[in-house]
Structures are given as structure tokens and as C-alpha cells.
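Just dropping this structure here.
A, B, C and D label the chains in the order they appear, each numbered from 1.
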Amino acid sequence: MLLFACDYLEGAHEAILEAFVRTNREQLPGYGNDHYCESAKEKIRKACDAPDAEIYFLAGGTQTNSTVIAAYLAAYEGVVAVETGHINVHEAGAVEYTGHKVMTVPQHQGKMCPQELEAFLAKFWNDPSHEHMVFPGMVYISHPTEYGTLYTRAELEAISAVTNKYQIPLFLYGARLGYGLCSSSTDVTIQDIARLCDCFYIGGTKVGALCGEAVVFPKGNAPKHFLTITKQHGAMTAKGRLLGVQFDTLFTDDLYFKIARGAIELADYLKAEFVKRGYKLYLDSPTNQQFIVLENAEMEQLKEQVGYEYWEPYDETHSVVRFATSWATTREMVDELFSIIDGLKKA
Amino acid sequence: MLLFACDYLEGAHEAILEAFVRTNREQLPGYGNDHYCESAKEKIRKACDAPDAEIYFLAGGTQTNSTVIAAYLAAYEGVVAVETGHINVHEAGAVEYTGHKVMTVPQHQGKMCPQELEAFLAKFWNDPSHEHMVFPGMVYISHPTEYGTLYTRAELEAISAVTNKYQIPLFLYGARLGYGLCSSSTDVTIQDIARLCDCFYIGGTKVGALCGEAVVFPKGNAPKHFLTITKQHGAMTAKGRLLGVQFDTLFTDDLYFKIARGAIELADYLKAEFVKRGYKLYLDSPTNQQFIVLENAEMEQLKEQVGYEYWEPYDETHSVVRFATSWATTREMVDELFSIIDGLKKA
Amino acid sequence: MLLFACDYLEGAHEAILEAFVRTNREQLPGYGNDHYCESAKEKIRKACDAPDAEIYFLAGGTQTNSTVIAAYLAAYEGVVAVETGHINVHEAGAVEYTGHKVMTVPQHQGKMCPQELEAFLAKFWNDPSHEHMVFPGMVYISHPTEYGTLYTRAELEAISAVTNKYQIPLFLYGARLGYGLCSSSTDVTIQDIARLCDCFYIGGTKVGALCGEAVVFPKGNAPKHFLTITKQHGAMTAKGRLLGVQFDTLFTDDLYFKIARGAIELADYLKAEFVKRGYKLYLDSPTNQQFIVLENAEMEQLKEQVGYEYWEPYDETHSVVRFATSWATTREMVDELFSIIDGLKKA
Amino acid sequence: MLLFACDYLEGAHEAILEAFVRTNREQLPGYGNDHYCESAKEKIRKACDAPDAEIYFLAGGTQTNSTVIAAYLAAYEGVVAVETGHINVHEAGAVEYTGHKVMTVPQHQGKMCPQELEAFLAKFWNDPSHEHMVFPGMVYISHPTEYGTLYTRAELEAISAVTNKYQIPLFLYGARLGYGLCSSSTDVTIQDIARLCDCFYIGGTKVGALCGEAVVFPKGNAPKHFLTITKQHGAMTAKGRLLGVQFDTLFTDDLYFKIARGAIELADYLKAEFVKRGYKLYLDSPTNQQFIVLENAEMEQLKEQVGYEYWEPYDETHSVVRFATSWATTREMVDELFSIIDGLKKA
């Protein structure tokens, strides 16, 4: 069956597998102290134009979010996110498990509004009983968001200005960062992100790696003893090479960006094909996740031949469905999707 | 440089890399719902003679220990381990981070004494103020232990009898389980472990995998919603295939046991070579970790050509040093080690 | 200065102080094992018509909420409350500190809507990815609410029916329970609450005691080892008599209800006096907390002579202000308040 | 029955009850912002000769320990205590519940040895894998200890020198501090403690109060937002007067020290009477807790007329039993105890 449900359906980009094979018998120290990790870090520092960046490799997204957030927050602090933020919905309460509240502000197509954020923080500090409340201790945003949307550079600058004003760190969740950076309608570069955020991560799992996220503290500002904190969270990888080799490969010859660009081109193509056939877009996503409104009966028929991700009800007779492309999607796969869809229409 | 410091110096057994390459473009659902995970589970059930076993794949050892232990314990309970247990020393307080005390009993070459365990539990329940104390809620043992030693079947049966009597689960940490099962001087089989423990894990990271531990609940007795618990701990792997493909390979044609046996043969050979040269063994380890007493000056000289793991001081002029073999060690490497040692002696 | 800011401005009802004096030199065992605690429990069981009730005395409200909630929830569960619930706003994240999410539904004058609760729970269980989400594990409601409002018996029955259907406990926060039960416009009795809730507490601190809340598990359904859990939370009182003597006094000759009734009569009088003078009620509270809309300039002037609690802005020129009566309020104090208010008007 | 089991058998010193009665109808702000709290703090600052001290009143000992310890420690840190420390044995894992390990060193009649502490800390920092371990982040000592013993000034200075050298705070648990300070064989003053410790608390519950502990940060060095932290731990008292009035009374006219001295005199008398009759002391306690070795049969007989605290077995035929005096003990009560004992002997 043809699957478009998400962007982690295949293994790893072949260059990564080749690197595993090539380096396999090399004896290397554990816990991230090997030269592949070092090399990967150096390449990421260059890509980010952040020579002082401290970088750690963790295995997955939820793990990264809860480890970073807990490392930053004092016990009496929580993290501010939009209601639809991944940490607030789909991480099984991993942040709360570490003792911290996820404090929510409204979402706008998955994005946080800088003015609303400022109002939220001002309200807290002006509240005469704020000492009985959770202190907002950092801000979490997703880029791309859970709806595939992107912040503009101006929006990121505005959010960053707010967090600077309130002296709390800005953390950017980048599980799909590559797809955001390579969107055809973004003005945000990875250097912008390194400049504007206190911490962000470069998602590997969904952008060509078997697993792995590169956590970047761009100003050499990692929380004290972050290594021990990752150990305490069960987030330290014994064979650090597993992550080092992958990120070293991804940041060699711009591979990370190349494969993201490929996925974006196919997502744009997929979107155009849906639009051409008169389908409604739930929202106009500029990245690799496309949210299409399908008539329920058609959605059911399609299920037998194509794997998609059911998102949410749209109205009585329609639903929102996600189709994602990835580094592994081919033009042939998209064409096959529409040949199936067109076939259903005729039948 | 020649490294014997630990058993996670190389990548993965080549059969695993081949399986990655072979299956790479196959589209598979995430989170462990793919057929490689299913196949691996079925093979493990067979190997354990435990048809009802529930099996989960996690990425690393500390993660597995803290997730399993937290999943089992009520808030008012702690886990009983020997003082040298990995969870008590080298996991950065990961268990306590989940809110639970590690309660210690003495160690004997890394092992727990069943009688001392029983006395510990009896003392708690007989204490008139035990309601003000942490309840012992499970028992954690390592096999092999952190000193490479092994329980006999009789010892495991005695410990299991105690935990059954007190109705608390017995959890066996098996990061190096393969090397324990394939020791030339053990009477414990994986079926024994499945029969006697409430939970154990089959270590992959140190026995041929890039990463991964297979957690086995042999009587279909996984804690309720264990999947959600792994997510909450950041221990769920998006691309479940990463672990499924590896364990499916390791449990095909007895690969797991074959590679463990190879490491044991070389460890026995390494030990014999040390003994032949008059070195003192710190203890007589029957597994892949060998603890040798070295004269300090020699230890320093050796450091320039061989990577070993400094363990602890022995006396004023000697130290205990660990040499480990693994699935990747070759006879040539051991021979080279002794040619270096003999060379130092002559010099 | 005349204070109406809250209902914990004075010490304790004099009958309690007398009981302290009377019993002071009596030697009693600690930790709640004294006969005053026993007697208080028996009287509460009678008042609740709940002969099997298990009862524990804790010192304060936040402590009680976080201890009870953590005792009930599995690690992967959270507690459902309205957005304005005390646990969600004014307890400094005490629930999250124990590792659990507070999951919110909308509030209606501080109350939870049974239909919205049911919809929330149904949505969770119907969500195909609910295993990646926090499980709703109990429901928390306040009676009176943080806005002084009350559930009707029919509403409580409807909420209870929902929690029974989903087999999760219903917990009622009763810091001001007395004032709710003695409102002139309620049809809810303490027996109703004991019948419909799985746990609730009878607030003492705000209803005549120096401190203390009586936690009632009306069906003998206290979480296992709840005593040890209170100890672990730092919520066990060494001199249990401190709480036992107070609740024994409060539940002798209906004192608890008598003093609550007195506060309600004065709150009704205070409300009527405000209304008579043309003030707007923010909402029509039937209990001892009255929320009045004041013109900002008047509010500022009043501050010099009367202590009230600023609640929230109403519009550009008005604010919502809380005036609370308590067991200690007298008619003279209310009269003095209005003589001050009338004086300001004239000036 | 005559009870000597502990020092919290009676209510409160009568001066406290009188103060409650006297101040009862005074309207006071909550949460410790009343003038009795202020006055009590000022008196304690004077008593400690610590004009910059920040002082907080909490309700009980376990609560105070876990709140203070959690407030000080970073997530990756634990607290060092002797094996018999109250936090390690009799607080139901309250410290671990906040996520931190209790790290133990040996006890010597309940005391920590400064040299052993230094060795423990040195070993940690010298361990090449200490980044995989829990960092020792503070030191906890009890004065008097759980065995009634006392540190000398020289010992406290030595421990303080070690914690200064390693730049970690020294916290002194003082549930029975008064009895320690008023021992006839101590050279430690409260000013010494304020000078040498980073935090300590002055126990009220066991020294004349109904409840309450005064936490002192003698150098104005309270952890940031400690007030919010107490709220988060459920350790903030709504009617702060409950604690303020008590400590204001206890620190007026040296009452705290007077009542402690009285208890010490009676403890010395009780000890002398036991010794006179040939009883063996388990250890020579200089404070209000006396540990006597009783023959088991006599212990059983005595139980019918006298409440004592069984401590631990001594040998096959004897047990260690605790007799405690308190602010409420009278000479008549001690005389009655020995008249019962002598009566049993004759029978």
C-alpha cells in the first residue's frame, strides 16, 4: 500500500546507511565523545553561523522537549506554548511528568502571536497574587508548527524581543526544521533561528535520519551539567556514533537541506494537484505536511489503497486529512496517489 | 589505538546493517507497529518459551530501567537493589528523578544475597513505624552484574521465591544478558529467566546492536498502558523499525547467542592469557568483562597503546582495570593486546 | 482597618480555642491516632450519612488537593478541571509538581458543564492517537466555586453520572464547603455530596478552624496506603490532635453549619446593601464571597479604610472586587462598611 | 497511662494558647504577612545574631525538609546525609518524591564525620565517570541527631569548612533544636549555627508549639522565590498567624530556651535514675531523648503502665527503648515512672 500518513515511514537516507557501513568497525569512545559527533557539531556550527554553539545529540523529539524544558526551568516555573503545541497534546504529559506546567496561549494556524504572548506575560507579572501562581519560565514554539505553518522572520523577531524583555529563554521545536527552512515561501534561515532562539533543535528523525535530533544552544549557553541531565532523563546514547555519524552525513554537502528541498517540491506538487481537482485546503501549508478536506465517503474508499493520517472532522460530511511528503517520497508516488484518486472518481 | 574499555566501541553486527539496507525503502507504520517488531517479538517469545510474553523495544539501558521501575512502583514504593547496582550508581539518579527511592542491600561481587533480601523485607514489614517509610515495591538485579558475575539458577530461584512471597515484582537488568547466557560456567537459560522474573530485558546495545533493549514481560503482565508510559518518559521510538529490524536480525538463526558466545570465548582466552602471565584477577568473572589487577606504573604505560577502563584502586601500588570483549572483538585483537603487554615487560 | 478581603482574617471560633485549652495537657498519641480524631471522624460519618467513610485530616487546601490528586492518578493520567479551578491557577503548579497535567474544560461562572465534560472525555477516547496523550484520570470540581457559585443537585448528579460512566473518580474541593451547604439557595446537602463524590473535603481553615481540612472517602475507598502518601507529601501532622480537636468541636452540636449559616446571612445582607445602593454584581453569588463591580476611583478611595480583594478588571473604568464574610463577621462590621461607603459618596 | 514515648504528646505551652485567645479576633492578612510573623522573625534574627536572616514558617518537619532540600538542589543533584538521617529513613521517601537522591555516608551515634564527608565528596569529584552520577548538592545533618546526640562546635566548624570548600549548602535539621541548645553538655549556640549553616530550622512542634518550624536562611540567602516553592509543596499556611503567634510567643522572654532547659533537666534526672538502678544506656544522650536497654520481659510488663517507644533489638534478650521528656514533662511524671519500675521489680 502507498503511504503518505507521515514523514517517518522509511528508514534513512542511503548516504547515512553507507556511512554506517563505512565506519562500522572503527573503535570509538561512547556517550558522544567520538570524532563523528565532533565533526557533526562543527558542521552544524558553521551552518548556523554560531561558532560558540554547544550541541548535543538526542534520540527523539519528546525526549528532547522534556529534557531541554526541564533543564531550563526552575521548579516554580512552567513553559508557555500554544494550545496545539506538541508538548501540550501529543507527548503523554512528558513535560508535566518532570514537574512543570505547560501554560497555554491561543494558537493561530498553530502559531503563537507575539502580542498575545506579551499580554500573557504582562498579566502574570501584574497579577498581585502571582507568587501563588506558576511563573512563566520559557517559551516553546514549533517551526514548522503542528499544522505545517511557518513563522516569518519578523514574527520570530517579535517573539524573541518579548522573551528577551522578560528574560526567559525561547526554545524552538524543530522536529521538521529542514522542511521549514526549505519551504519556497519562507524568509527564515537557520542563522536567523540561531540568532533569535536560546535553544532549538534540528530534527533528524523526520528529515532523513533513522533517529536523532541535534539540540543547539547557539550562544554556548547550555544549562549547567546538561550532559548529566540527559543521562538522568534516559536520553544519553551509549553508542554516540549512532547520532554523530548520521548528523555528520546530513551536514556534509548540504544533504540535510537537499533532501528537505526535495520533499518540499513534492509537497507543492501534491498540493497543486489537489487544488487542480477542486479540493479544499484546510489551510495553505508551505511545508511538507498538507491538510486536505475530503468528503467522508471518498476518504473511506481511499483508505483501502492509500495510507493518510486522519486529522479532525471538518463538517458533518467532510474531514481533514494529512498527506505528508518526506526525503523518501518520489514523484512517482505522488502520481500514483492521484491516479488512485482519479480512479475512484470515475468508479 | 586498540580499545578494550567496554563492549560498545564498534557499530553493529554486519547482519544488522545489511538488514537496514535491505528494508530501508519499505514503508512501515511508526511507534513499533511494523511487522519487523512483530516478527522480532514472536522470535523472542519462542526463545524464551514464553508464548504470552508482552515485549517492548526501548533505545537504551538507563531509559529502560527508569521507565520500567517507575511503571511498576506505586508512589509510596521504592526499588531494592544492591549498593553497586547500575541504577544506584551510574544512572545520574534517573530512578529518583521519577520520584522513587533506590533502597540498598549489600553486594557480594555485585550480587544480591537472597537471605539478606528476605531479611531486609521482613525487617521493613515488622517495623512498627513502617507506614512512615518507603515501601519496598520491587527488586532489581543485574545479570551479569556490574562486576561481570552471574547468579546460579538456584540463586535466581531463591530470590524469585522471596519476591513471590512478598508479592513484589522481580526485575532483571540484562544490558549484557547475552554474555551471561553464553558464559561457559552458567546453568541459567533465558527460559529460566522468563520463568523466574516478572520483567527483564535483553540488552542489544552491548551485544551487537547499534542501540536497543527488548523489555520482556514474560507472563503478559506489562503494567497498564505501558506504551503511554514509554511516551511520557521520552522512550518511544518514532521509527520503531530501528529497533524491530535489529532484534529481528539478532533473533534469527540464533545470532544473538552466537555473537555472545564468540565474545565469551575471547574473554576466556584473554583471562587465561593474563593468568598465564601471573596477573591477579580482581574476581573470577565468567563473562565478557574481566577485572585485572595491574601495577600502577604498568597501567600508565599501557594507556598509551591500549584503551581500558579504570575501575577502582586496589592497593597503594595497584589498580583494578576492566578489559571487555564484545561481539566485535577478534582473536587478533587479543593477541595484539598481549604482544603490547609483553613488549612493555621486556622494555 | 476593616477587612473583608477573605474568610481567613481571624483566628478560630472561640469554641475551638476553648477545646484546645481544655484538652491541652492530655497525653495523646501522634499522627492522628488520638481519640479526638476518632470522635471527629465518627461525627463526620454521621453528618454525611456515610458509615463506611474513611477520613483523614490534613492541614491546608493546596496540600490536600495535590496529595489527593496524586494519590488517585496513575502516572499517565491527569485531572480534569475548569480553567478557573484553584488547582489550575492559584496553587503554584502543585499538581504538576507531582507529575500530573491539569486538563481544562471551559468554566461557566466557575462551574463545569456536565455535557462539556462528557464531550471532553468522549473526544479523548475516540481520538485514534489517545495513547500518545494524557489520560483523563479524575475530575475535580469546586463547591462553592472560586466565584462563589454552587452546583445544583441535578448538576452534581449529572457530573457524577459522567464520571461513573467513564469509571474515574470525582473529587470535590470544599475549602468553603460549609458556606455552600448553608446557602439560602442550594438544594445540595452534605449527604448528597457523600453519595455523589468519590472524595471530597470539608474545609476548616475558612470555616472557623485555625487550619485543617477533613478529607472524606465516603465509601471507604481511600487510595491504598494513603497515610504513607500524606507523609511523603509532608502532609501528616505530628500532633494530630491539632486537627482532631478542631473538627471534633466543629462537628459537635452542628457548630460547623451554624457558623456557616451566620456568614451566609451576613453575605446576603451585604449583597442586598450593595444592590440597594445601585452597585452591579459581577455575578449573583449565593455564598459568602460577593463580587461587586466598583468604579475605579471609588475603589482606590475605599482602599484606605477597607481591605477587599481586587479580583479582575471589569471595563476601562470599573473593576471586580471581592468582599467575603466569614464565621467571624458581625453585622456591625457590615454596617461599618456601608457607613464608610456612604461617607465616601457624600464627600 | 503515663506516656514517655515522644516529645509531642501534649498540646502547646500555655503561653501559646493564651496568645491565641488574646489575638483571636484581630483581623490579619494571610500567608505570613501579618505583624506577628514579622515580630517573630525579628526576635529570631536577634536570638541568632543574624540581622539579615530570611525566615519562613512552615507547619511540620518532613514538609520543611523536603521543601528546603528541593528548593536548593538542581535536578542533577542529591543531598548527602548519614544512613540514619530522618530524611533517609522515616519520611516515606519525601525527598525522593521531589526527584532527588538521598546519598548516604556512615553514621556514628547518629552523627556525620567531617573527614568521611570530605572523602565522599572528593571521591565523587575524582571519579572519571562522575558526570554519570548524582552530584552531591548539599549536606543535611540533624542536631540533635535521631539518637539524641550533639555535634560539638568544632565538629560543626569542620563540616561547615567542608561544605564551604565544595561550595554546597549545609542544612541543619532542628526539629529538636531547643533541646540541643539547652543540653548541659554542649558548646554550640544558636549563633554558632546561624554562622556555620546555610539553612537550619528551629523546631516548634516538639518544643512547645502545636505545630510549626521556623526555617532560617541566616545570610539572607533564601532560594529564589522560596515563597512560591512553599506554595507548590502545599507548605504555605493560609492563616500565617497560626505560626507567627506561636513563634512570637516562643521567642518572647526566652520562652523557647526556658522550656527546653526544663525538659533537659528532667531528662538528666531520668537518665540518672535509670543509671542508679543499674540500667545500661544504649548511648549517653545529652538531650531529651534517652535510649535505655531493657530486658525484654520487663519491657513487656512495663508496657501495661507506661508508653515508651520501642527502638530496636539490642541482643537476644534485651531491647533498646526510647524515653523522651518535653516542655510538658513534670518531675512528678518522672517520679511516677520510677515508682512503677520499682514496683515491677518488687513484684
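The definition used in the following text is that a residue touches a chain if its C-beta (ideal position, glycine included) is under 8 Å from a C-beta of that chain, and two chains touch if they have at least 3 such contacts.
Here the structure is a predicted model, which means the values were calculated and not measured.
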Using the stated contact rule, I'd like to know whether A-B or A-C comes out ahead in C-beta pair count. A-B
B-D, C-D or A-D checked against B-C; over half of contact pairs coincide for A-D
Approximately how many whole Å separate the CA-defined centres of chain A and chain C? 42
Averaged over CA atoms, how far is the centre of chain A from the centre of chain D? Could you give it in whole Å? 51
Please tell me the distance, in whole Å, between the geometric centres of chain A and chain B computed from their C-alpha atoms. 33
Provide the list of chain A residues touching at least two other chains, using ranges where the numbers run on. 75-76, 91-93, 97-99, 131-133, 228-229, 231-232
Partner chain A, residues of chain B touching it in the complex: 1-3, 5-6, 8-12, 14, 17, 20-21, 23-30, 59-67, 91-94, 97-98, 205-206, 210-211, 228-229, 231-239, 241-242, 307, 328
Which stretch or stretches of chain D touch chain B in the complex? 75-76, 78, 89-93, 96-102, 128-129, 131-134, 310
Where on chain C is chain B touching in the complex? 70-71, 74-76, 99, 131-133, 135, 224-225, 227-229, 231-232
